[in-house]
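As written, the chain order gives the labels A, B, C, D and E, with residue 1 at the start of each chain.
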Amino acid sequence: MTATTTTTPPNPDPSAAPDLSKPISEPPLLEVRNLTVTYGSGADAVPAVRGVDLRVEAGQKLGIAGESGCGKSTLALALLRLLPASAKLTGEILLDGEDILTMKWGRLRAVRWAGASIVFQGAMHSLNAVHRVGDQIAEPILLHSKATPAAARKRAGELLEQVGLPAARAQAYPHELSGGQRQRVMIAMALACDPRLIVADEPTTALDVMIQAQILRLIEQLVADQGVGLIMISHDLAVLADTCDRLSVMYAGRVVEEGPAREVYAEARHPYGRALSAAFPKIGDPASRRAPRGLPGDPPDPAALPGGCTFHPRCPVALDSCATEDQELREAGGERRAACVLVDAPASDRSRSTS
Amino acid sequence: MTVTTDKPESAPTDSPRALARARRRQAALRFWRQYRTHRAGLVGLAVLAVIALLALTAPLLVGADSQSVTNAPGGPMEAPSGKFPLGTDQFGRSLLALMLWGTRVSLTVGLLAAFLSVAIGTLIGITAGHFKGWYATVIMRVTDWFLVMPTLVLAIALATVLSRSIWTTILAIGVTTWPTTARLVRAQTLSVESRPYIERSRALGGGHGHIMSRHVLPNVMPLVLAQTTLVISTAILTEATLAFLGLSDPTIVSWGGLLQDAREAGAVSSGNWWYLAPPGLAIAVVALAFTLCGRAIESVLNPKLGVSR
Amino acid sequence: MTTAPLATTTPLLSAEALKVTFPGRRGAATARAVDGVDLDIRPGEIVALVGESGCGKTTLARSLLGLVPPTAGRVTFAGAPLDYAGRALKAYRKRVQLVLQDPSGSLNPRHTVYDAVAEGLRIHGHAGDERAAVSEALSRAGLRPPERFFLRYPHELSGGQRQRVVIAGALVLEPELIVADEPVASLDASVRGEILALLLRLRDELGLSALVVTHDLGLAWNIADRVAVMYLGRIVETGPVEQLLTAPQHPYTQALLSVLPEAEGEPVVLTGEPPDPSKVPSGCRFHVRCQVLASGEAERAGVAEACRTVDLPVLNGGAETQVACHWAAACGGEA
Amino acid sequence: VVPGNPLAPAPSEARADDGKTTLTVAVAQSVDSLSPFLAQRLLSTSIHRLMYDYLTNYDAKDNKAIPGLATAWEPSADKLTWTYTIRPDSKWSDGQQATAEDAAWTFNKMMTDEGAATSNGSFVGNFEKVTAPSKDKLVIQLKEPQATMAALDVPIVPRHVWEKVEDFSKFNNDKDFPVVGNGPFILTDYKVDSFVKLKANKDFWRGSPKFDELVFRYYKDQDAAVAALRKGEVSFVAGSPSLTPAQSASLENAPDIKVNDAPGRRFFALAVNPGARTKDGKKFGDGHPALLDQKVRHALFMAVDRKTIIDKVFQGHAVEGEGYIPPRFSDYFWKPSDGQKLAYDPAKASALLDEAGYKKNSAGKRVGKDGKPLDFRILCHATDPNDKAIGKYLQEWWGEQGIGLKVDCLDNVSDPWYAGEYDLAFDGWSVNPDPDFVLSIHTCAALPSKAKESAATDNFICDKQYDELYKKQLAEYDPAKRADLVRQLESRLYDTGYMNVMAYPNAVEAYRTDHIESITTMPAAAGNIYGQDGYWSWWSAVPAAGASSSSSSDSGGSSTGVLIGVGIAVVVLAGGGLLFAMRRRSTAEDRE
Amino acid sequence: MSSESTPALLKGAAGVESTESGGPAPAGPSARSPRSRSTAAYLRYAAGKLAGAAVSLFAVLVTSFFLFRLIPGDPVKQMTGGRQVSTEQIAAMRREFGLDLPLWQQFTQYCGKALTGDFGTSYQFRAPVIDKIAEALPATLLLTGTAFVIYTLLGIWLGARSAWRNGSAGDRTNTAFALTLYSVPSFWLGLLLIITLSVGIGPIPGLFPTGGMESGSTTGFDRVLDIAHHMVLPVITLVAVEYARTLLVMRSSLLDEMGSDYLTTARAKGLRDDLVRRKHAVPNAMLPTVTLLFVNLGTTVAGAILVETVFSWPGLGGLFYQALSVPDLPLVQALFFVFASAVILMNTLADVIYPLLDPRVGR
C-alpha cells in the first residue's frame, strides 16, 4: 500500500488536505478532498456531508461505517454526481486525478460505470422490475463499449456465472430472484464495464447472515481477482473490519475516525468508534455476556446539529470544551486519525502541536 | 429524528385529553402551514371561500324575487349591459342573479352527493379491506360491478327511473360514484392493515371495531378528505351534465340547468355566448377550485406527489 | 450469573408439538412454517430463538400469542391451554405482550406517544389512573421525564425512542411475558445495546420472561439465558447460551457461528438459499445443506444414511442442551 | 328479406353533375323507419309522401281532397263501396306502370298482415274487401260507411318489389337504393341519424320538382340545425315543433334568411284531471278533489295571464288561446262571449276561490275546509321548453293566489297520465282539417275500459252535454250546421273548465332565400312549410338564381375540408417539428 | 391483484412485489424451464381474468334487464302513442314483444337470445336492436377511437415531460392547463366550440360544420375529407377532456417512479437523461397509466353520449339518449350492455395486457 511507504512527519496543520510532500507518484485511484454535500438551501438546508477526505488506492478496500443518516449513501452518490438537483456539492472528487465535480456531462457519463460503478443499497429497488436482469447487465456494456447486442448478452451471461448464477438466469426478471441472487446480479452489473472502483453501499443489509457471508466472500474474491478499488459502506463495523483494509467511521456527515480496519475495530480512538465496536459483542467474550453495551442518546438530526463537537451530547468522556469547540481529524498514531480532543493526549508520543 | 423545536412543555396538570386536543389543534395548524405553501391550493381555497360566501348571501345580494319570471326586470335574452352585467335569460331575468342562485344549488348538490358517495365508499372500503373472507369477496364483487358500470350511463338511467328532483340527482350521483372511493379506501385500508401497529393492536387485544375505528379510520381520513374534494368537483360536473341532459328538476335554477335553458332557448345559434359562457365557466371554476384544494391536501399528506406549488 | 436455577420451575408459556401450516397460493404445496416445536419459557427466563430468514421464527412467535391458530399441537400458558375464544384470548393478551421488529411501523403515525401507550389500557378497560400508568411505563422504558413525550408523534422520535415507546406500551399492562420479534434489528448499532439493556433490566426488576426472536447470535450472547436454534420449522438445537454458543453441536449452529465476522477459523458458508417450507426434505431436514454430510464426515461416523432418511424426533422444550442431529448423537461426546 | 331491386337507371342520373341543385332540410327528428308500413314519425311519413303517391292529395289552397294516384273516386249508393280510377301516367321509378293492382295489394297486405298494419292499420280497420278488377279500377268495400275515404293517407307501394318482403314488421326499406317509388322524389340514400337523400323524379306525372336533389339532414340538437341554416349548410330548418323565439329573432336579422311565422294548427292547453275513471265509471288515479269544483278550475284559469304567456314565452309567435280549435280553421273557430270569457282577473279568481271555500290562511296559503292547503301537481314534458317556462309562470301566478304548484317534468308523461295520477297537465294537439278526432277524445266513449289502460281519451273528460252535442255534429252533413254544432261543443268544453286553451303556437320555420326562391306554404296564404299534408312545399320549391351555389357550397364544403385537412396536417407537422427541435435542445442542454 | 377483476387504479395496488425473499429458483442450474411455467401461469391468469369478465358480463346483462324495467312508461303505450288502437291490437303487441310473460320468463328468454346476439326488436325503430347498434357503432368507434389515439399519445407524452421536469415552468403550465380542461364540462366546451369555430363569432369565421358526421353529398376521397372535417370539433372536445386525465395520471405515476433507486442505477450506468426516461422511467410509469387508459376508453365510449348529442354525431350515445326517452327497452338494455361491456372488455384487456408489461403480475 502506498500510504504506508512514507512516514508522516508531524503536520503543523492537522486539518490540511492530503500530504503534498508525498513523492510524486501516480495519483491515487480516488481522492476525495473536503467534500461537502448540502441538501436544500436556506433554513431547510441539511448538511449531510460536511468536509470528508477519502483516499482509495487501486486494489484497496475502504470501509465506511456509521449509523443511519450520517451521510454514507450521500457520500457514495456524490462520488458519481448522482445526487438530486437539490444537493449542493463542494470540494473535489478526483477519480484517477480527474475531478468529477467539474466534469462535462458527456465525460461524466463516460466515467460512470466504466470508471466507477455502484452496488446500491437494496437490490430489489435498484433493479428495474420490468426488464430482464440480463438486459440490465448488458445495458452499460452496450453503452460504454462498442459491443454488439449479442456480445453484450454473452458477456452478461459470463458475468452472472462469475457471481455464481447460471447464465440462464439472465432471462429472469428481478422479482423471480431471491434477495441474495438479486444482490449477485447487482454485483455482476457493477463489474460489467471493468470499472476501476466499485462502491458498495450496504450490499448485505437486509440479507440473511448466511447469504451475507456468501456475498461478502464474493465481493472480496472479485476485488482481489480484478484489483479494483472498493469502497464498502455498512453500519456493521464488525463486517467491515473483517472485509476491508481501511476503515473510516462517519458521524453526522464527518469522518471521525480512520485507520487500518482491524486496529480501528479492535481499539478505536474516538469514543463513538469505541461505542460502535462495543455494540457487536464477541461471542465467548465473558465481558459482553449479559452486558449489552450501547451509546446513550439519539443520533443527531443532520438538519439541527449540536454545536461544538457534534458528538458531545452523547459522549461519555466529553469535556466542557467539546460543547463549543468543533473537532477536526487529527493524527492518532500510525496511520490512524481521529476527531477527538482526547486522542493524542495519552496515546501519542509526539509533542502536541501548539495551536 | 428528534425535533428540537420543542415548545415549552405543557404543564403537567392538564388532563391528557385536553393536551391531546391542544395537540390536534397544533397538528391542524401544521397542516395549514404546509397547505399554505401550495399556491394553487390557496387560490382554490380562496375561490371556494368567495363562492361559498356568494352562495350564502345570494338572497341578500340579489333578492329572492330575482328568480321570479313574472317580475322579470328585463327583456328576453338581452346582451350584457350596465343593468344586467351578464345579460338576461329568455324570461328577462338577470343572469347574474340566476348565476348567484345557481351557486347554491350546484354547491349543495355537489357537497351532498360527494358526501353521500364518500360515505358509502369509505364504509365499504374500510370493511372490505378489514374483513377477509366471503364478506370482502362479495363486497368487492359488487364494487367491481359498480365500477364497470359507466357512471354517466348509470346516473342517467337512475335519473330517468326516479322522479325528477334535486334529491334524485344527489342520489344518482352518490350511488354511482362511490366505487372509486371504495377502492381507494380499501387499498389504503389494506396497506394500513399490513402495518405492524395493527398486529400490535391485535396482540394487545383490540377487536375489529377498535382496529377499524382507532387505527384504520384515522389513517384513511386524510385520503378521504382529499378524495371528498375531488369527488365534489366530479359531482358538480355530473350534476351539470344531468341538468344539461334535462334530467334534473327543471324548476330549480342550477348552473347546468342554465346551460340547458340556454341551449333550449337557442343561445348557440343566436351566438348569445354571454348566456352560455358564465354557467360553464362557473362550473369549471368551482370544479377546478375543489380539484386544486384536493390536490393540495393530497400533496401535503403525500409530498412525493410533487404537486406544483 | 444472576439467574436462578431455572430447570426446577414450571414453564410459564410452552408450545407443545406446535405446527402451523399455510395453504400454498395458487396450487403450491402448503408451507409448513412451524413443523412441530416444543418450547418452554420459564418465569424470568429470556429465551432467544435464532435461525435463518424464513425458518418460521416469526410464525412461531405469532402462534404463541394466539395471532395465528396452530394447525396442530397447542400452546399452554401458566399450565392452561390457550383458549381462542374472544374473551379468553383478550385476557391472555393482557398477560403476554408483543414487541415487533420495526418500531416505526409498530406505532400508528397518527397516535401520540400517550395514545400509543394507553391503547392497551383502553382496550382492557383499565380502571385506575391511566395517566399515572402511562407515565410509569414510559419511565420504566427509559423515556424520562415521561410528560415530555406524551404528546409527541412517532415521527418526532428517534428509532430507539420509538422502540422504547413500543416497549412501554407492552409494559403498561404489566405482562408476565414479552415476545420480542427482532426487537433491535432495525435499530442502529449504537442504540441497540441500550434497548437490550432495557430488556435485561426489566427481567431483573419485574421478573419478566421474554422470548426474543433474532437472527443475530451476538444478541443471544448479550442477553439470553437460553438459545433455541430453529431450522425449517423445527428447533434443531437448544440449550443454555454459554454452552450452545461456545460449543455448538449441530452443524447448522456451527455454520451460523462460523460466518460471524470475528469468528475464528474458516467460515462455513452454506451454499444455496434457505430451503422452502413447502418442500421439507426427508430425513434430517438440514441434510441437503449439511457441511458435515458433504465433507463425508457423517459417512465416517456411519450416520450418512440416517441423515438422509431418518426423521429426527422433536426436541422437548426443556432447558437442557439438546440437539437434533444424527451425527452429533453419534459422536456426541467428542464434539 | 330484402326485395331484389331491379335498378333501371333513371334518366336523371345520366345528366351531368354540375349545376345540380340541392335542397337541404335540417330536421331534428330521426327516422324511425323508411317502410311505409312501419313509419309513424312526422319526418318519415313526410318522406313517404315524397316517395310514394297516395290515392288522393290535399289541395294546398284549401285542404280539399284532390287527385293523387287516383284521378276520381266515387261511393256507391249505399256508401259501402268506393271505386277509384287509377291514373295511367304514373310510373314506378324502375319503369313499371303503377296500377290499381299495386294499391289493392297494399291495402290487402295491411288488412291481412299485422306487421304491415303497424302504422296505417286504422285506415283499413273498416275495410271489408279491396280488389282491382282492372289496371285502372280499385274497389274498396267497407263494413260501415266511412267519411274519410277521400283522405286515405296510405302510401301505395309497388307490389312487384314489396311482394318479396318476408317479415313486414322488421323490414325497414333502407338497404337497397334507389328505392322504387312513384312520388315526386326518389329515395337514393340514407345514413342512420345522418341524412336521407332523395332525387327529383323527372317523370312525376304532376311535373318534376324544381330542385334536383332533396336532403334531409339530421341534427340532434335543434340549435345546431339553426346554426347550420345561418351558415348556409342547410337551406331550411323546421323547428320541433317550432323555432324558439330567440332563434327566430336572431334569424330575422340575418341576411338571406326568411322566417316563416305561420299560424299553427296546434293548441296549447291546460288540462285538468276531472277524476279518472273507466267507461263503466270505476274511479282511479289521484286527481286533486278540489279540482272537481268548477269554481276552482275557473279561478285557476282566470289567474293565468295568457297575454303574458304570448308575449314572454312565445314572444309573439302565438295567438292567445280562446276556443278549442285554432283560428286557422276559421270554419270551426269559436270565441267565448264577453260574459263567458274567463279573462285574466286575479281579483275575481281570488273571490271565486273564497267562494269555493278555499280561504287564505295567515301564511297566505289557501286551505280547504279540511285544513289542507291547496297544492297541485302539473305534469310537464321535460323535453318541451314551453311547458317548463309556463310552469314557472303558473307557479308564481297561482302562488299569489295562495296555491302551491309542483311542476313534475318527465321525459315520458304517459304513465301518470294514463293512470290518472296528476292534477293538471300541459296538453296540446295538432288539429286536422277535420276536427272530429280532437273532439272525439273528450267523449265518454273514449274512456278506458280498464283502469290505467291506454285509451283514446285525452284527460278523462266525460260530460253528458258534450257527448250529446258530439253525436249531433257527427250525424250532421250540412257543413254550416255542423260547424255551428262544433262551436257549441267548444263552448261547452270551455265552460266546464277541464280543457283551458292558453295559446295557439305558430309554426315558426326559416329558409335561406339565396337557396330557395319560392316555396308553397299550406294553406297557400300564411301557411306552413314543414309537415304539410301534401308534398307541396318540396315539390314546389324553386331554386334561387344562385342556387347552384347551394350545391357548390357543398362541394365548397369539401374543398374547405381539404383546406382544413391540409391546415391540420401543417399544424401537426409544425408542432412535431417544434417538439423535435425542443427535444434536441433539451438533450443538447445535456442536463441530468 | 389476482383476485380482483378490475385492475386497481392505485399505484400501490398495481406494483406487486414478490414478498417472499426465497425466489422460485435456487442458484444452481435448474431442470425445469421457468419460461414455460410462467407461460402456463400467465395463461391460467388470463383465463381467470376472462372468466371473471364473463361473470361480470352476465351481471351486467342481469342489471340491464331489470334496471330498465323500473323506468316508468309502458312501451306499448309509447309505441301506439296518440293513435287509436284497439285493446286487441295492444294485446297483440304485448305478445309480439313478449311483454305478456311473467318477468322471470322474459328474463330467461332474454338471456337465451342475448347469447346468440339477439337483443330483440327496437320498439321505436322496428328493427333488430343489434342492427341499430351495428349501424351506430362505427360512428362511435371512429370518433372515440380517433380521440383515444390522440389523447393517449398527447397525454402520455406531455405527462411524462411534465413529471420529468417537475416544478418547471413547462410543468406548471401543462398541469394548470390540464387541470382546467379537466374541470370543464365537455358538453359546454363543445357548445363553445360550435359558437366560436362553427357558427363563427366576430372576426372568427365558421370553419367547421355545426354537427353531423358527413354532409351526404360527397363520395370517395372527398367523403373521407368531409368526415374528417366533421370530426374535428367533436374530437377536439373529447381530446381536451380526456388528455387532461391521461396527463395527470401519467404525471403522477411518473412522479411516483422519479425517486426510485433503479433510476439512480440507470443514471449511474451513464445513460443519458432522455434514455433514463424513455427506457426506464416511462415504461414503469406506464403500468398504472395503461390500466387507466383502457378503463377510460371504456368510459369514453359511454361519455361520448354528451359529445354526440352536442355535435349530432350519429353514434351509440345519441341512440342511447333517444332510446331512453321512449323508453325503447330492448334498445336501452342492449346499449347499456354494450357500454358496460366496453368497460369490462377494456378492463379485461388491461388485465390481460398488464402482465405482459409488468412481469411481476400474474405469474
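Note that in this section a residue touches a chain if its C-beta (ideal position, glycine included) is under 8 Å from a C-beta of that chain, and two chains touch if they have at least 3 such contacts.
To keep track of the chains, here are their UniProt names: A, C = ABC transporter ATP-binding protein; B, E = ABC transporter permease.
Please read all numbers here as calculations on a predicted model, not as lab measurements.
Least step count on the touch graph, chain B to chain D: 1. If you compare D-E with B-C, the chain pair joined by more contacting C-beta pairs is D-E.
Relative to the centroid of every protein C-alpha atom shown, the closest chain centre, again from C-alpha atoms, is found for E. Centre-to-centre separation between chain A and chain E, using Cα means, comes to 52 Å. One finds 33 Å separating the Cα centroids of chain A and chain C. Chain C and chain D have centres, each the mean of its CA atoms, that are 87 Å apart. Under the contact definition stated at the top, the residues of chain C that touch 2 or more other chains are 53, 158, 161, 271, 273-274.
Among all residues of chain E, those that touch two or more other chains are 21-23, 27-28, 71-72, 194, 199, 267, 272, 309, 324, 327.
Touching two or more other chains at once are residues 1-3, 160, 263, 268-269, 271 of chain B. Chain A contributes residues 67-68, 178, 180-181, 208-214, 217, 235-239, 241-243, 272, 275-276, 278-284, 288-296, 298-299, 314 to its touches with chain C in the complex. The touching residues of chain E, when paired with chain A in their complex, are 15, 17-18, 21-25, 27-30, 34-35, 260-262, 264-272, 279-280, 283-284, 287, 357-360. Remark: chain B residues 40, 137, 140-141, 144-145, 147-153, 156-157, 160-161, 180, 183-184, 187-188, 190-191, 233, 237, 240-241, 244-245, 256, 259, 263, 268-269, 271, 273, 276-277, 279-280, 283-285, 287-288, 291-292, 295, 304-306, 308-309 touch chain E in the complex. Of all residues in chain D, only 22, 30, 32-33, 35, 38, 40, 114, 118, 121-122, 169-170, 172, 189, 191-195, 197, 215, 217-221, 224-225, 227-228, 230-231, 233, 383, 410-412, 414-416, 418, 449, 453-454, 456, 551, 554-555, 557-558, 560-562, 564-565, 568, 583, 586-587, 591-592 touch chain E in the complex they form.
Those residues of chain B lying in contact with chain D across their complex are 68-72, 76-77, 90-92, 160, 163-164, 246-247, 249-251, 261, 263-272.
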